[in-house]
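Here come two complexes built around chain A, the first alongside chain B, the second alongside chain C.
== the complex of A and B ==
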């Protein structure tokens, strides 16, 4: 077994014994089920209101009755709340996971022991990253499975193969979105000498990515972002928002994630009518920006681990 | 006898500066194979900085050092293979068992049969029956013994101990002392020990080095030191006499 694998397995093993991991997993599963329930209840309620209206209109002698707007949307739409949960709660917990991954070893003094073993900083970095990826993949994988199985078990939630593929792409995208925040947590856990600062800085960045940038780019208030609204909103007319969208739009990864995800889960009629290939092609720039952000953070982490020296002023319990 | 005179740790004008402040000032030091070298000094004298540099954790500002003939900067992987290290106050992974902790370090050190080796090492330090207990349940003394076990699991030639008896109760100190002496006599290990406990130095060390404000002000075998300062009443008096 290579040292990279040994470090990765240790990372997962330690994470599995910590509350943060199970908290993250539990929240994801509950979020998925809650989202599905809310979605189903909303759909059922709206449909029953529609049916009552149709009955009333028919009795009134109306001939031109519009079709149910929800019937055109896929069953996948019921998962739309998951986007918001991952966007807000998942990313925050991913920061904690990445932060713990390095702070734990700095505080306990284990890092000094690791750095005196015949392993290179590259091995240590790759081992840690593989461990974090494995942990995130297990959370995402379980959530994906819960989504599919719960949908198959519910009588009104009929998923077709295309829906499952969309759901799979959505969770794959979510994995990279969460990975970005986990790496951000890791980055500041390596860089800063203070444990609280190591958590405070990435949380500030999270606020910027989750609230400030999307707000500026879309012209929406942060409160509006909390709602599972259709993300293909048109920014209000005005020079300020037009400039913000032009210059900050390309780097707003939070905005990219929510808009791409809502298209995948078919939150609008237009998104439903576009096939998966079309959606992927349309969002290739957004995906590339997210991946670029992940790669930049990974590169910075690698650089910091390479130049990391254990010295006075380090964190100890 | 010739084997014992082989130099295993050597530093030449080793210097470390932190933002202009000198932590280590042109340290020239030689430690022979099989010695238990007691590195004495007050708090902030530069003992931990020296160990951090020798264990490749910290780069020196200038000067050079070799361990087992390997340069600490250019050949740090070879240096890492021949050293074991126990820092002060190491806590390990609290949620994992003693075996899981030791297995991790054994694997990273390239030990072929970690399971057998862990049993062997725990038997050597007379600390068996605790393999499946979580480290979170361990006392400071017990953790320190696990620390020794992880440091010697790959049978290093040189063992660095940074204040190993710090915070231990008398029984913990006694047990640790026994392990250190056993390592010297049965494994012929060279031990470099940072400490400020003079009583411990007298009981285990063969050679003494005294560091004061980053400078090595005295180095002698324990035997010669006791002869030279025979007028002094205690080791403490000797320490202050050296300082003067």
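== the complex of A and C ==
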């Protein structure tokens, strides 16, 4: 067994022992089920309100009443709250996962001990990354399975093959989004001298990615950005927003994640009518930016960890 | 040295320590930056609405159609503060969590608490000193933020705020301090109670996510009018009075949704601030008497929560044996 595999297995074992893995898994499953319940309740009630409104309008003698905007949306739309939960909770927990993965070794003095053994910093880093990826993949995989099974258990909410494929792509995208934040947590856990600062800086970046950049690009307030219906709305007209979209749009990965995910989960009639191939092609730049951000962070981690010497990285707080 | 002098000495030490702390300063500048950005974005958003209105007006006039139905967007400078209040609600709470955590972590992590408790100062005086120092810090933060807000609104909005408007900003600042003290006390309480400081910080963040982001988000998402972009009733062209008439049949659903939102202290702060600043149209132009009569529940919620967690922190600090070093 290579050193990388040993470290990766050890990383997963620690995640199990610290209950971080189960905490994450539990939160993701609860998020999925809550999302499905909220989606179902809200859609059913809104449809009833629509019917009551139509009745009221017909009594008032109104003609040309628009059709129910929700009736054309697929069952998959009930999962749209999951986007918000992964965007908010998932990414923050991924930071904690990446942070703890390296801070643990620095605080306990194990890092110095490891580096006296025939293990290079590169091997240590790769092992940790494989461990984190494995844990994230398992969590995402189980959540995907729970989503499909829960939809099968509900009447009139069954997902068709196209829906399942969309859901699969959404979770694959979510994996890379979470991986980015886990690597960000790891990056500052490697670089920063203080344990608290190593957690607070990625949290600041998380706020920037989740609220500031999408706010500048879309002109929406933080609360509106958390509403799955309005989160992907286009920005108001004007030079300022046009400039923001031109210069900040391409790097706004939080905005990319939510808008791409909204399309995948059929958040609007237009998104439902577009086939998966079309959606993927339309969002190829967004996916590339996210992957590029992951690679850049990984590269930075790799560069920083290579310069480690015995005893240098320990934290004595 | 009198008891008050001892409390004051701890409070000033706490205040100056926080000002030297990088984490606190990072969050403070970040908050100021976010609030300024939110006001700029809101002003450009308003300009964009005006431009859309004027374009529509020109087009309608050119085609000889009636323009009476088109309503001109009204400029209310305090409405530019919507994003700022939301950032205070979200990021301000993180700042308060950081302060609460650092306040206890400094003593636990450095083992200074053992030394201090050998000196002639009671645990209660020590905690009151810490609380006072951080409360003064939050008052200063709030002062800086709201003076900054006033300045940015006047410059960006090209307007001079009137006395009553400034008073409303002052009142909102006061309630912001009360709101932030809740999160300071929760974070300090957890840092006292839990053996592992990083775990205390993570649990504080979990509470923050749940009560500041998730519960309000669920309530907002369950709002039937938020299910359709632009609003369901708007898409059906139903007026406000008739909307209420239709919604009467769904009062149980609305009550459940409202009760869910009521469990979030952040939502109480948001509702109160939006009413005071006239961000919510229902309260725009209404007297303070009317607003307080309507929002007294929100005032009670955040005030009582602030007092409760403040006292709980003090009680636990006095009672709990925490002379161990952090894990």
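Note that the second predicted complex is superposed on the first by the 285 of 317 C-alpha atoms of A that agree within 3 Å, B and C clash if a C-alpha of one lies under 4 Å from a C-alpha of the other, contacts with A are read in each partner's own complex, and residues count from 1 in each chain.
The definition used in the following text is that contacts are C-beta pairs under 8 Å (C-beta built on N, C-alpha and C of every residue); 3 or more make two chains touch, one makes a residue touch a chain.
Quick caveat, the model's predicted, so the values are computed rather than measured.
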Please name the chain, chain B or chain C, that touches the greater number of residues in chain A. C
With the two complexes superposed on chain A, say which partner A:46 touches: chain B (first), chain C (second), both, or neither. second
Touch test for A:7: chain B only (first), chain C only (second), both, or neither? first
For A:116, select first, second, both or neither according to whether it touches chain B, chain C, the two together, or no partner. first
After lining up the shared chain so the two structures overlap, which partner does A:153 touch, if you call chain B first and chain C second: first, second, both or neither? neither
Chain A positions touched by chain B in one structure and by chain C in the second: 317
Can you name the residues of chain A that touch chain C in the complex? 34, 38, 41-43, 45-46, 48-50, 52-54, 56-57, 65-66, 69-70, 81, 84-85, 88-89, 92, 96, 100, 103, 194-197, 199-201, 203-204, 207, 211-212, 215-216, 219, 221-223, 226-230, 233, 236-238, 240-241, 268, 317
Within the complex, chain A is touched by chain C residues 22-23, 26-27, 30, 34, 37-38, 41, 44-45, 47-49, 51-52, 82-83, 86-87, 90-91, 94, 98, 101-102, 105, 109, 198, 201-202, 205, 209, 213-214, 216-218, 220-222, 224, 226-229, 232-233, 235-236, 238, 242, 245-247, 249-250, 253
Touching residues on chain B, where the partner in the complex is chain A: 18, 48-49, 52, 55-59, 77, 80-81, 83, 85, 87-96, 100, 104-105, 107-110, 150
In their shared complex, chain B is touched by residues of chain A numbered 1, 3, 6-7, 10, 13-14, 17-18, 104, 107-110, 112-120, 309-312, 316-317
